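One chain, chain A, links the two complexes that follow: it is found with chain B in the first and with chain C in the second.
For the complex of A and B:
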């Protein structure tokens, strides 16, 4: 069983002589939950996180001219792309009437979103210089990515506050990341890909099945999921990185973040067998109960729908698939550990004079 | 089994394998049943021969684009079949029975039936354990009128694959015996707990079975033990196979299929990877106690409880704290089933299938210009929209993303975002 699970990645890429560096796609999933970032704002701010990420993105782009980046925000109201930023195209369509500068913005946005970095005309570059966040003299390849990333981030935070209850959008971010990677790999078959999750949210409210589906899909596609976990430890992301041969790092010293990003999380997937990655060997493989959301280490699994329960349901029915459980088996499960043992002990203490219960040595 | 031998139908003739193996088949008595008639009322061998290259025709403008997209579409449509959730028997126990009689030397499947069967079986096993990680499998061959166990019932795919690889050298010989194989399979499955499924999958190349006794008695005992038999026929329909499948599957004949060509053979094998829906008669639902262990790494080696060997690190049973080497397994100390939650997760999509996307009708004005999944613009095309929309979240997807979402990831990104 081991062969199909953990070792799926290990045999790869060793024997192949690599003549030319193949391009690599780095997909960053950034958790932008505003409440949680606010909670730790005395220690670490989202701004310094962005600064470090931008440096890491630029470094990744600098490694190979054909390298690509995608940034996905996992916000409290859902996931969205920061780069490539398609929503801007539509958004700007609405704004066209107000701004009256239709041709330029439209062209600019199309160029951006295509990810086609080399074909921008000089006018667009001139237009770009007006933007405020990134130094316009920056190397063009970097600037296009950084600008879109930061602009969309500001737009997200300056936009209206959603009235939906906050949720953990990790599942949708992972799904989006995988669909994007799949398409890019279809277009360019030599493209390597990896996902870096910068996560701050705790495990609760996580959509268990979709996240597990995504992990499994990533495992199948041999895409490592690296996890940069800040503040709260996450069980499921540990499992994600373990299943996909990624790196899981729970970072406490946030001042050195840039170093983590450019060293540990920078290792190319093909080199991971050679280098010793800092992933800790102790991994929590516990699952979450479908009913209560609690993390369990010994659970009851419905044989029909495989839903994990922390306790036997009272009505003897599976809460997910509504199938009635076999009473006989339930009795066994309920009875065994607690009741029988204590009774026996009591009997021994009370009943030692009566010979019928326990066979005494002289009988 | 002489009468069953006579009653066969040949459904494998309408494909491109009319060269060999036909002569001895057509010599036998022709069946007179009306269900052998093809779509146009005639027998399938009276149909016009279809060449694969005849399908491709240029349209008025001389372009192949329409045809190509049509082919992609038809491929996709083959993929999407059932999105209705079923209760399925997820914890499976399956015995794979492979025919190794002289009929497997036929070369109507390239290179031979034998070789292709082994190749497909290896793929089947990989895929089977990929999608049914908490299931068990064993392999039996039918050779020289005997049933031989080549791989014990276990959950380790590598053992089975090694056994199959060694069978490549084993030359097919003699006649098969369905009864012997089924009896052996029954013996292997008899101890399986009631919440698991008991299944037999037979790849049958012959048109006869050389049995020591009355096979109908065996069928009755299979029904008693609630063992479900699926058969993939490689040459022609055999009556007794049909009977076995029908009776062990509660009157459902769909579990007996005869291949049309090599590709169809592989498809049928892959179909068997998907767990069977639970029948009314078959159901027994239970809770299974399972442990989700944690992994440790050690600086100094310690003994594992499964092989009693010194190892660095392993998985710790949450119940009795003993160390095991690999998962999924049953704790040797406390008998608790130990699995990773990712193993369970692999089966979820069988139970909760994602709804199929609907094709968006072609129009001049769409809501979005790009695919929600991959963020790429849709091609400008007036004939078809090349968009598929999720019925729940109404987002539009391209065909690549649609296929990927339904085949690999089983999550709709749009619905997740709600």
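For the complex of A and C:
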């Protein structure tokens, strides 16, 4: 008897310290598309978004001394870190660093704009050193993060205008976030991580395949992707959070944003299995068309690469993998329903099918 | 055992009637004395005898009529033998009576076994699986369909409503459910494979020191299958010994012990008649070994190394390979192995995809094997694996929407946007206190309410959803909870469900034919579109008949998607009709 109870006590003692220290990494991906933020400025401003985010970040840091934060900007010319960011280094080093932090796809942009960058930057740096966005008296842990975050944001908007046409970089941001989380988890194996995507871009802007791949990667790494969707509802990101056990919310009550950020989007990954998450219940599982980017109800699927199409492409080739579609099958798909007997059977069969296609029953 | 025979005339030709009970199958043979006649001999299998008639003892004529039937449906055949001697005829008659009686009881016994197992006949032919699971055959297998309907109540309800009441073609109904038929046929044709029968037979001693063994017909059948020597012993002895005696002798014999794989001690008394078959068993074993043995490769295995040679390896050779191993033990091991192999072999053609009618003959397979053995694989040019590379393009640039909303922005416009945004950020310092103030309080409370509401609905849903089960086991143990609350009338609910299922059934068939673009299905499309219209009516009738306004409203909501899809289908049909009639005018 004694032996048994003794053992139980020992076990308890071992269990305690691990539960006390369970650091959590919150990775925020902020959509900073300037065009879109301007478009919605009458409803909601980037500034109020930042204010709410800063509070949420501080709250996260306050929960546990070992908690960590990362902020990534999903900008029109690529993804970059807001925090952690080595702002204290020399300017030239800084630029180097910035470049390293960016995924390869964005390197070109950076090189293109290097010239402009150099001429414009000295003044900005001087200005930045003076600027203090955050009160001195703020708790140091908070101040370090908040200051860097806001500073990098301003720096982003002070930076050069890229030559390439702007495009959405959520996929790059997700990849960046996942690699960062992976690195941090290698350093600290008990570290739990989650991603919070603050998105204002419509579904059509998202790159379907890369984002989907990132979702699968997150799913494998068991990292929940929470989505804070503003203005437009997004079916695609609903799937992202559903697949990763995250929370998706399309927020209409924007004045109450802080409440969502500190409750709905504040669930630690280790609690997800126990809590019932306040995610919106109805998930739209439809995929979007490869050509038009629109959500497809009934459509066509390429049998080689599984690319989804809302209509048969004119060149009878898969737009994603260039596989030629079987003419026989195409004819079958393009066949119009025959409801009335035609006297001239031959004519009907030789008729070239019109582009208006009846949807086939397979999705 | 002497043969029973006697002189008799058949079709006015004199000859000799003989009963050969030792032959298999046992027969009655009449051989004409004169070989010149057109029918020198007449033979009948004794098991086919259904009736016998003989002239009574008082009659002068001595005739024996035997009626045989080769199979259940075959025409009966009459044989009339005329005997010259009453004694001879009675002798033949009695022997035949005895034999026929034995066959009848045996037949009854097997019949009984069959009845008790309820239709032993499999629903599909499992020997040729690919063939039996062919769509066409499944669609024709009405027995299978019937059984599936009896098995699946919801399917039955749909079938009744759609096919029996609404007149949907049953063939139609099943074409969309071939997968169900296939799965059902497979799961239903599963049967227990052979097993080592003798090991399951355990003689038990009763209180009065009698040894009791109970065996069923099936077990006896299995014993005969697995141990041909027992069949031989049975065939040799049974008419002489009674069946019961044979088995009681068998179970106390040394033969039984040997076959079971027990060690036979020399002091066991055994059975005088049956134990002589032990030596015969050896012949059977040899014969079987020949059949089962895998032939040694004709070419030395070049890849083999010393580890493949049991005599060189440090491990001592297996005990079965030692020349002076205990013979009894070795023979037991061998007979067990033999039995296992035999059982596996007997299953070779069950459920095997290879067993298609046109599969290769044994020799061809053997030849193939030898050819493969002789090939030097490393001398052949390695086969290059050919594959297609798929280059998946990123959709980014060719996204027309993106081009419209974003790409048209000139660099200047974009720069303006950035400047504008920056200005709005710099307008006033970032003030965290702005996030929560009196003005925002109602919004924050509203947000809080919304979140709580979401959690509540999700909690309700997760009670029913599979999400909360941690394992598959938990899932399967959990009964499916009806989503509908208990207050809903059960009968009404059932009615609603059937109405819904029928509508879906018609929709499914409608689309199937509608999208086929096949001229042949015009009539079907037409009648199906009529059924769709009727389905809408039925829904209306059902929902209108509900008295309770609350439930009425609920049902209307339940049926909305169904109604929408029905209306949509009808619209599509009408549109197509209109279009093609316009087209034909042009």
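What we mean here is this: the second predicted complex is superposed on the first by the 267 of 363 C-alpha atoms of A that agree within 3 Å, B and C clash if a C-alpha of one lies under 4 Å from a C-alpha of the other, contacts with A are read in each partner's own complex, and residues count from 1 in each chain.
In this text, contacts are C-beta pairs under 8 Å (C-beta built on N, C-alpha and C of every residue); 3 or more make two chains touch, one makes a residue touch a chain.
These numbers were taken from a predicted model, which means no experiment stands behind them.
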Q: Give one of first, second, both or neither to describe whether A:61 is in contact with chain B, with chain C, with both, or with none.
A: neither
Q: Would you check which partner chain A:169 touches, where first means chain B only, second means chain C only, and both and neither mean what they say?
A: first
Q) If you stack the two complexes on chain A, which partner ends up touching A:305: first (chain B), second (chain C), both, or neither? A) both
Q: Would you check which partner chain A:145 touches, where first means chain B only, second means chain C only, and both and neither mean what they say?
A: neither
Q: Quick one: classify A:200 as touching chain B (first), chain C (second), both or neither.
A: neither
(Q) Taking the superposition on A as described, I'd like to know which of chain B and chain C A:323 touches: first, second, both or neither. (A) both
Q. What is the contact status of A:29 with respect to chain B (first) and chain C (second): first, second, both, or neither?
A. neither
Q: Would you sort A:210 into first (chain B), second (chain C), both or neither based on which partner it touches?
A: both
Q: Give one of first, second, both or neither to describe whether A:228 is in contact with chain B, with chain C, with both, or with none.
A: neither
Q. Overlap of the chain B and chain C footprints on chain A, residue-wise?
A. 207, 209-210, 280-281, 304-305, 321, 323
Q) Which residues of chain B touch chain A in the complex? A) 87-91, 126, 129-130, 133, 155-158, 194-196, 278, 283-298, 313, 315, 318-319, 325-329, 336, 340-349, 351-352, 368-371, 373-376, 398, 400-401, 404-405, 408-413, 416-418
Q: Mind listing the chain C positions that touch chain A in their complex?
A: 388, 390-396, 398-402, 405-407, 409, 411, 414-415, 417-418, 420-422, 424-432, 434-436, 440, 443-448, 450-452, 454-455, 457-459, 461-462, 511-512, 514-519, 521-522, 525-526, 572-573, 576-577, 580-581, 584
Q: Write out the stretch or stretches of chain A touching chain B in their complex.
A: 1-5, 78-79, 81, 84, 86, 89-90, 113, 169, 171-172, 175-176, 178-180, 182-184, 186, 207, 209-210, 212-217, 219-221, 239, 242-243, 280-287, 296-306, 308-309, 312, 318, 321, 323-326, 329-330, 333
(Q) If we count contacts the way the header does, which residues on chain A are in touch with chain C in the complex? (A) 34-35, 37-38, 41, 45-48, 50-52, 54-55, 76, 133, 150, 153-154, 157-158, 161, 163, 165-168, 204-205, 207-210, 253, 255-260, 263-264, 276-281, 290-294, 304-305, 307, 319-323, 332, 335-343, 345, 348, 358, 360-361
